[in-house]
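Labels for the chains are A, B, C, D, E, F, G, H, I and J, by order of writing; each one numbers its residues from 1.
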Amino acid sequence: MLFQVRMDVNLPAAMPAAEADAIKLKEKAYSHQLQESGKWRHIWRIAGQYANVSVFDVDSVEELHTLLTGLPLFPFMQIQVTPLCRHPSSIRSTDQ
Amino acid sequence: MLFQVRMDVNLPAAMPAAEADAIKLKEKAYSHQLQESGKWRHIWRIAGQYANVSVFDVDSVEELHTLLTGLPLFPFMQIQVTPLCRHPSSIRSTDQ
Amino acid sequence: MLFQVRMDVNLPAAMPAAEADAIKLKEKAYSHQLQESGKWRHIWRIAGQYANVSVFDVDSVEELHTLLTGLPLFPFMQIQVTPLCRHPSSIRSTDQ
Amino acid sequence: MLFQVRMDVNLPAAMPAAEADAIKLKEKAYSHQLQESGKWRHIWRIAGQYANVSVFDVDSVEELHTLLTGLPLFPFMQIQVTPLCRHPSSIRSTDQ
Amino acid sequence: MLFQVRMDVNLPAAMPAAEADAIKLKEKAYSHQLQESGKWRHIWRIAGQYANVSVFDVDSVEELHTLLTGLPLFPFMQIQVTPLCRHPSSIRSTDQ
Amino acid sequence: MLFQVRMDVNLPAAMPAAEADAIKLKEKAYSHQLQESGKWRHIWRIAGQYANVSVFDVDSVEELHTLLTGLPLFPFMQIQVTPLCRHPSSIRSTDQ
Amino acid sequence: MLFQVRMDVNLPAAMPAAEADAIKLKEKAYSHQLQESGKWRHIWRIAGQYANVSVFDVDSVEELHTLLTGLPLFPFMQIQVTPLCRHPSSIRSTDQ
Amino acid sequence: MLFQVRMDVNLPAAMPAAEADAIKLKEKAYSHQLQESGKWRHIWRIAGQYANVSVFDVDSVEELHTLLTGLPLFPFMQIQVTPLCRHPSSIRSTDQ
Amino acid sequence: MLFQVRMDVNLPAAMPAAEADAIKLKEKAYSHQLQESGKWRHIWRIAGQYANVSVFDVDSVEELHTLLTGLPLFPFMQIQVTPLCRHPSSIRSTDQ
Amino acid sequence: MLFQVRMDVNLPAAMPAAEADAIKLKEKAYSHQLQESGKWRHIWRIAGQYANVSVFDVDSVEELHTLLTGLPLFPFMQIQVTPLCRHPSSIRSTDQ
């Protein structure tokens, strides 16, 4: 099942650069792993913003929630989830 | 270049069913043609709404605008365009 | 899987009362059938409004979308879907 | 009487982890007790957010307010209350 | 129990004056009856608007909903309900 | 003249409990005095929120502003003022 | 007492030009009379909009409401009222 | 040329009272000087808020911007500018 | 003086195509004339919308308002005006 | 390709003046360089605000994002990007 997820990141100004870098590094590794597993189907940067639009392909809402709350940047994110389904005009049987 | 496009459709209640069906048929054919050309990369239905989230892959903003205003349902749509770019955490060179 | 669904109904002022009554009757029958099947777990009226808050228990987003767009009142509704999951503080294994 | 309650939690970034854990533990115990008493009928996590949607079954608005302001996390919550009533299409005499 | 209710009235421009007058007359009679019964405790006009702020004193949310949907102007109103309770700083045992 | 006033209170998380308690005590005394004088006609707690809806009965906007800015909690409040007048459907000559 | 009033005018597209002109003529005469009486202290056009920002100087909210609802264009206006008072930094005893 | 300016002031809670008083004193002197020069035509307090509505009479947008950014409280203000012009229904040749 | 102007066009669905075409033709001629005079400095289409962002260079707010209300499409537009001035970081003496 | 960019700057109140000045100096140099290269076509100050409206002329969304995230003030900005295209009523072949 597909879900669109928008993530807006907001790191506290007071966070030391080293700490921020460490979290971002973990975030990247975590994201890579989920992309490679096929769970995190797409990730795009929104131009001019510290934000992304992503598409997740998961077996349940539960799984989606577990993946999202496991994000190293989760405590510093605003997240919006939109459930998607196949569009009747799509030329694909499933548009992942 | 990738752009996320959200389209909310709102057909007037007074439109005769035959007219509505004819427009939707044209819309489907138009969408199929753009999907097959690779310009309209993704189209997903938003659950519970007469709306879709799409991703277009075009050569310029001009081309995007031409494609969108050519939609048979364009006069009955609210459209929001969000410019996207490759995310530094993406495992792909381009995430189409 | 559980989804919260809020439905706001807005019948056109010009709709003849007989037509409105016929749609509402169909809506009620449709709702009863889904409630009895266990798909439409809860339905509450929001005080002072022609609107409800519901909880659906479905196997996929696809199924949810099919059920919602099948509502006789769907063309006259604004619908908002919120994906839910079990809360870690819940005393139940699943809170249907 | 039923009330839908949405709670968004926002702990200060500066709060020590031990203090946060202690409050969350108290919150869980408090919630369990109210769920077992039947006052806190439902609690669902909103996917991707540190927020829940709940349904309370109380004898009065006064009682609801007392229960909510007694939440250990209350000082860190945004709370929205929506009064509900039985929906005429419900197949139950009361939809708790 | 006390509930604040805000009602915004919006009669269709096309409604004949006689029909509008007839509804308003019924509305006034209905309102008088509820005020005299003590259920509709306060009603104030918002300056410069075809809207009112009211306070209802009812035994249940169910009763409130029945009273509000019985308003002759209900089909032409936007209604917002806010549950109230005694304020700890009030000098009255109940502030009706 | 009657004015509806909504006050949302937001004490800084860093304020010492003793300081907060002292301000709240002053606030209560100030409120009692204005209620007894008849200036602060009604005060209700909004269920689930650190906020109140009040009705003031004053001789001028100037007086209202003086009373509100004199609130010990004023620096920590968001205040919204709505001018009210007698509703033509009211059964009272003045609905205080 | 001074009140800022913002009026946004929205005449129905279907209104015959002659009818619109007649209402506007009455509106102008009504406005002139109130300006000359000193009740309608200021009226400014908002650039690029069919809207105005005005300042009224009235004896009571009641009087303000009577003046506003007497506007020939009132049924076609959205009106927002903001109560004003003398600013402590004003160099005038009253800033009309 | 006339511009409506709304200023909402928000001093940091942590600012020492002496520092706040010093800024407010400068602000008052600055405002007096501009009012006396005729540039700052009107200033009104919005009832219940630390905010004002003002009207400036300047020769250019440039001049307006220079005056506003010169406000001692400018770093602590939210400012909204609305360009005004003479209203066709005004009884004055210019409504300053 | 420079003003940014955003115009959103919304022609009634019921307007005959010939009438719409006639208005658009007049609009184009009117726009050409103002662009050639240098008053209408820039006009850009917003991608995917029947809307434009423009920059006007006028001698006064009055002149701007006269130009905008003279637009043949004015009755079908939502217009927002933002006053601009030279930016201190601009490399031009005036950025028209 | 042209993009409208709105930037709202919000420096933390706690930032030392010397640090703020240093960042602003870098920002100015960076902006000058991009203006001279023709990438940053226009920059206007919004009257009364620490904000600008700009127009960028870039080869891709990717390039736009790189330029914007390279702004020395980027961590302290809210940025909104609007894709623009040539307006059919423009008298220019390209309106830079």
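As a working rule, contacts are C-beta pairs under 8 Å (C-beta built on N, C-alpha and C of every residue); 3 or more make two chains touch, one makes a residue touch a chain.
Keep in mind it's a predicted model, so treat the numbers as computed, not measured.
Matched by residue number, over half of the contacts between the chains of A-C recur in the interface of D-E, chosen from D-E, G-I or D-F. Interface residue usage between chain I and chain J, two copies of one sequence, is largely shared: over half of the residue numbers at the contact are used by both copies.
Averaged C-alpha coordinates put the centre of chain D at 44 Å from the centre of chain J. Chain E and chain G, compared by their mean Cα positions, are separated by 27 Å. In chain B, the residues touching two or more other chains are 2-3, 45, 47, 61, 64-65, 81, 83-86. The complete set of chain-chain contacts reads A-B, A-C, A-D, A-J, B-C, B-I, B-J, C-D, C-E, D-E, D-F, E-F, E-G, F-G, F-H, G-H, G-I, H-I, H-J, I-J. Across the complex, chain A meets chain D through its residues 3, 5, 12, 61, 64-65, 68-69, 75, 79-81. Across the interface of their complex, chain J is touched by residues 2, 4, 27-28, 31-32, 35-36, 42-47, 52-53, 82-91, 95 of chain I. On the side of chain H, the complex with chain F involves touching residues 13, 45, 47-49. In the complex of the two chains, the chain C residues touching chain A come out as 1-3, 60-62, 64-65, 81, 83-86.
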